[in-house]
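Have a look at the structure below, then the notes.
To keep things simple, chains are lettered A, B, C, D and E as they appear, and every chain counts its residues starting from 1.
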């Protein structure tokens, strides 16, 4: 009963939307908007083949490295910047500066610094998805409850122990919100990183389809991105449930009404 | 903030007995400036020391000169206005939509579960992939940029709002319930203030994403604005000019953040994150 | 006794019963197993009655209050308010929560916190101002209307929560250890305040306290809960004069007697003694068991 | 910066016309590069007004927006390289050229595009590129198609080449930093790369065919049929502009300064392409066949369908 | 009196003073203007002394405790601990906060909450386990080590906070209304527990309470604060026997006398009366003004 219900929640709206799409493409044919049937046909044709190993997997590898690195950098940096006021004052404008630079403009500079390599692409991914984690961590760290913080202080819980036992757990709901943002941003940046100075990869393939007007193929690539997004987010939500058990437990019990 | 807060983040040092001094001496701004100067200095050194050839990455000083020259041109300001218009409209639409949907979805367990998979599916779709669709629908006009900006910024805010709504304190909410506050009243008086810090972070994220997207859309599609100027400078080989525009973009980002911080300080003075900065 | 209410304690479900708790049971489900907070509670409160609820820490008083105020669904049994089954927060009921610190909205100033429920009800501005001013005056906080809750001391926060409940002019008032954080003198003043309001408006009050003297001084009736799993241990009528005075009433021999009796019962409860009838009371249809209702005189 | 081109184009105003109500408005999507100078010149000279057209020149920065712009009708006509239009047609979009745009100079070593290697490279001619990494601006487009076919002609193995995408402005840096072995570069970056010590090992357009047309103005076949008169007017004015541009190179260099940010010194030095009216059908066929051969197209295009 | 300490109250800064508060002043800056929470506090606590602090709600007791524990810098004056000026939370000091609900880590179970400070200090596992078990046992919570704080009742949460402080074996123990949320019986047990620990380990205890009986029963000394802006109103030595008993001690005539005296002083404080010396005491150098220290006998 329970898994069935979950499945219902997961599938109901998408099925509804696909039906809607199907109905709206019944009459007119638009070159840029394929019908569901074409899309499904292309999907199998394009992605279940050697392309999976030559393009999809390497991209996923870079994505994973990039996202994990971004999360680590974001959390470590966020804890530092969030707890040390002068550091925050020192760095905030500079960080905001970098945040506002569009990745397509950043890519040439990164190529200059790192060459046309995988690490350049990973750097592009990091450069984009570090921000939600960083900002959320900073905010989460700043918002640690005063009484709790005082308690920790009086018991001599300082330095690393303070981070480990107080700051990180208390900021974790916010950090998780940031991580969730990063995951999808990571996918987007993976595509962007492959738009320049590239010759293979999932993102490259999608862009290439787009440029060569292989529109159904392009959309099938976008569907791949979407499905990856869903998969990543489900894994993430599962992990979050475990990491934030206390938090959800607290909310849930109080919600029991 | 206070002078001794600079040497340690400890609680005592943040007690601010020299508050009056702080007023006179804007430590925070000076530090921020120092950070920016440090960055510019590093940038200056990289080509000067030959780590990267000056031809490809001009030193900061040269770029700043080019930027100052840009400041004298009306064309530059027109481009800035075009970009900022797209940015502002896109952001406002995205935030309005996201807040509305966020509160509706967030306050119903059913909707939250039912929309989860779809939201997760749509979020990672890169705006750039939607360019053909945007141009098809709107041509090379501001509307195309708007669609891309709105699409990208919308998710940032939506997710934050969803998390914020979920963070509501049940004792507070129960109190409101027992005093007969209905659903709407609770959203207004309890849910909204609780979600506000999350929302502000979301808006801050989205504001920059919107800026990035505004520039990118202009860059890739070629609709008028700073992004197109960057593309022009790039394809014309005007490297200093291009970096000057990038610098301008970054400065706009800093400016936007300053404004957002100001708004945040006004609206969130009660929140412990802001509280701990102000009172002490 | 309250002039307009019959003083006679009665075992029957009285027609004028304002609040009926019948066969209430609440089990919390946690990942560490189920916790039975309340086993079986049955009692009635007449309209305009002032009852105090005492019981050991963790005996389920807060749980009971949450069920009565419709914030939590009971596992078994039911709560009737004015004859209607409670399924959500009822109108004209005010609750003062034990966690006063979290029940005030940190984003609103003291005055706004007190004013909000009235504003939400659509009370006119002038009337609202009067009520808020009066309430703040009554709890001794007229001087800080523009402070935020977190700028107040613990006791002051608690008094804001009380002021909010008073200004709301409820028909039923539930209070969960509302005076825990205020000093002795203020506490005495607030006790008298509650009795004044009760007499003036005929509010039905259920008042949780740990202070035995307070329960006897304040209540017309004291309901004692057993330790967990919880049943009603005793239900005592306090036959002190209606007009009470901090010095005089407290020095009455009858006061000392009642006080002693409650104290003994609580000690029994702590030791795990349960009333004879507790096991036999069955949910919903049974009335407040006479066996658990004693006049100590 | 030297200023942004106004999106309505400065031309019609400077031609002295008041933009009266009887002019038909046409919007044309172009890329702000040297290749598009004729349309700006023609606009300035009033060739389009003479035909009763009021030009609305809209710049798009790359191919991404051009074809969708034409399909959606936001552009009546647009500028694109031949391969992009061939590919669109191949995928089922009904497009057709209405005027030529730009052609190779036909002079080896003195063309608008070429493959450059850094000084001291072992690569001497096209065939040596086999097995090397070469940058092009876009994969599966005119650059890699012509290079592959030139290598094959020269006796090398085109399959062994590795192409990466690097935008023209970034290509000299990629080359200098040894991130690629060779770079395919267009003007004005080509002259710059050469002046900085790069060596042109192949003028791929010329070597493919000295008469190769590179890009042109196109529209939907629907437009050609349904608005035959408008199309004819545009073609006439465009052809006049091409001829004028070919005849007045200095004016080309000057007008480029109004809509790009190429500085004056570079403009004075850069090599200009050839602007001519007629498409060369043979060269077109060569290009189309090559594109089909290397998999960019599913089948060789039919010149009759695509060319005017 | 404690056997190893001289009972004589003295105006001089004693060499054995464990805790000295001198000329303490604290002003909160808010956007609505400055709030002077504490005006001028000066008193000493000898090592191993058990003092109770009473005062009207909002008189600055919590503020004082925060200054003593180094969590907040005073606006003027200073706090000396063992002769050294306090500038950050000192070692071996434990504080039980008034807001018990917010002082426990919600992401840790009860046991982990109590264990954390010990673990952080590097106490060995076996020793840690023993201390934690003992502390939980002492506050009557041995049965819920695996619950999360938010699964407990208010009184239970407060007892967890107390257990944490006890297990930590501090030299100085500051407690801010620690028994506010527990029932009368538990309260009595905990009072005795504090006295036992105090006698056993010679801990210096500063205990904030609102309950006058409690302050007299528990303390060797009661410090009464005036209402805001705050000075020391009175400093009373409680000359009851060291071995106290809930029933016996509380029925001593001396107990009633002391109780009455404290009550009167608090009522004076509430009415705004301030001690004669208050105005003349100047910061830092001045010793606890003899005028504000009275033997009531």
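Here is the rule we go by: contacts are C-beta pairs under 8 Å (C-beta built on N, C-alpha and C of every residue); 3 or more make two chains touch, one makes a residue touch a chain.
Source: prediction; values computed, not measured.
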## Note on the structure
Chains adjacent to chain A and to chain C under the stated definition are B, E
### Message
So using the touch definition from the top, which pair is joined by more C-beta contacts, B-C or B-D?
### Response
B-D
### Task
List the centre-to-centre spacing of chain C and chain D in whole Å, with centres computed as mean CA coordinates.
84
### Message
For chain A versus chain E, what separation do you get between their C-alpha means, in angstrom?
### Response
50
### Summary
Between chain A and chain B, the Cα-mean centres are separated in Å by 17
### Query
How far is the middle of chain A from the middle of chain D, if each middle is the mean of its Cα atoms, in Å?
38
### Query
Got the chain E residues that touch at least 2 other chains?
28, 30, 70-71, 88-89, 99, 102, 151
### Query
Which parts of chain A, given as residue numbers and ranges, touch two or more other chains?
32, 112, 145, 150, 153, 210, 215, 249, 253-254, 257
### Message
Touching at least two other chains at once: which residues of chain D meet that condition?
### Response
64, 68, 71, 167, 169, 173
#### Entry: Contacting residues of chain C [partner chain B, same complex]
66, 69-71, 88-89, 91-95, 97, 99, 102-108, 116-117, 120-121, 148, 150, 164, 168
### Sites on chain B touched by chain C in the complex
169, 171-172, 174-175, 177-182, 185, 189-190, 193, 196, 270-271, 275
#### Entry: chain E residues touching chain C - in the complex, by the definition given at the top
28, 30, 32, 35, 54-62, 98-99, 101-102, 146-147, 151-156, 159, 177, 180-187, 210-212, 263, 266-267, 270
### Query
In their shared complex, at which residues does chain A touch chain D?
31-32, 108, 111-112, 115-116, 196-199, 204, 208, 210-215
### Message
Looking at the complex, which residues from chain B come into contact with chain D?
### Response
53, 55-56, 69-70, 73, 75-76, 78-79, 131-133, 135-141, 144, 219-222, 224, 228-229, 231-239, 241, 244-245
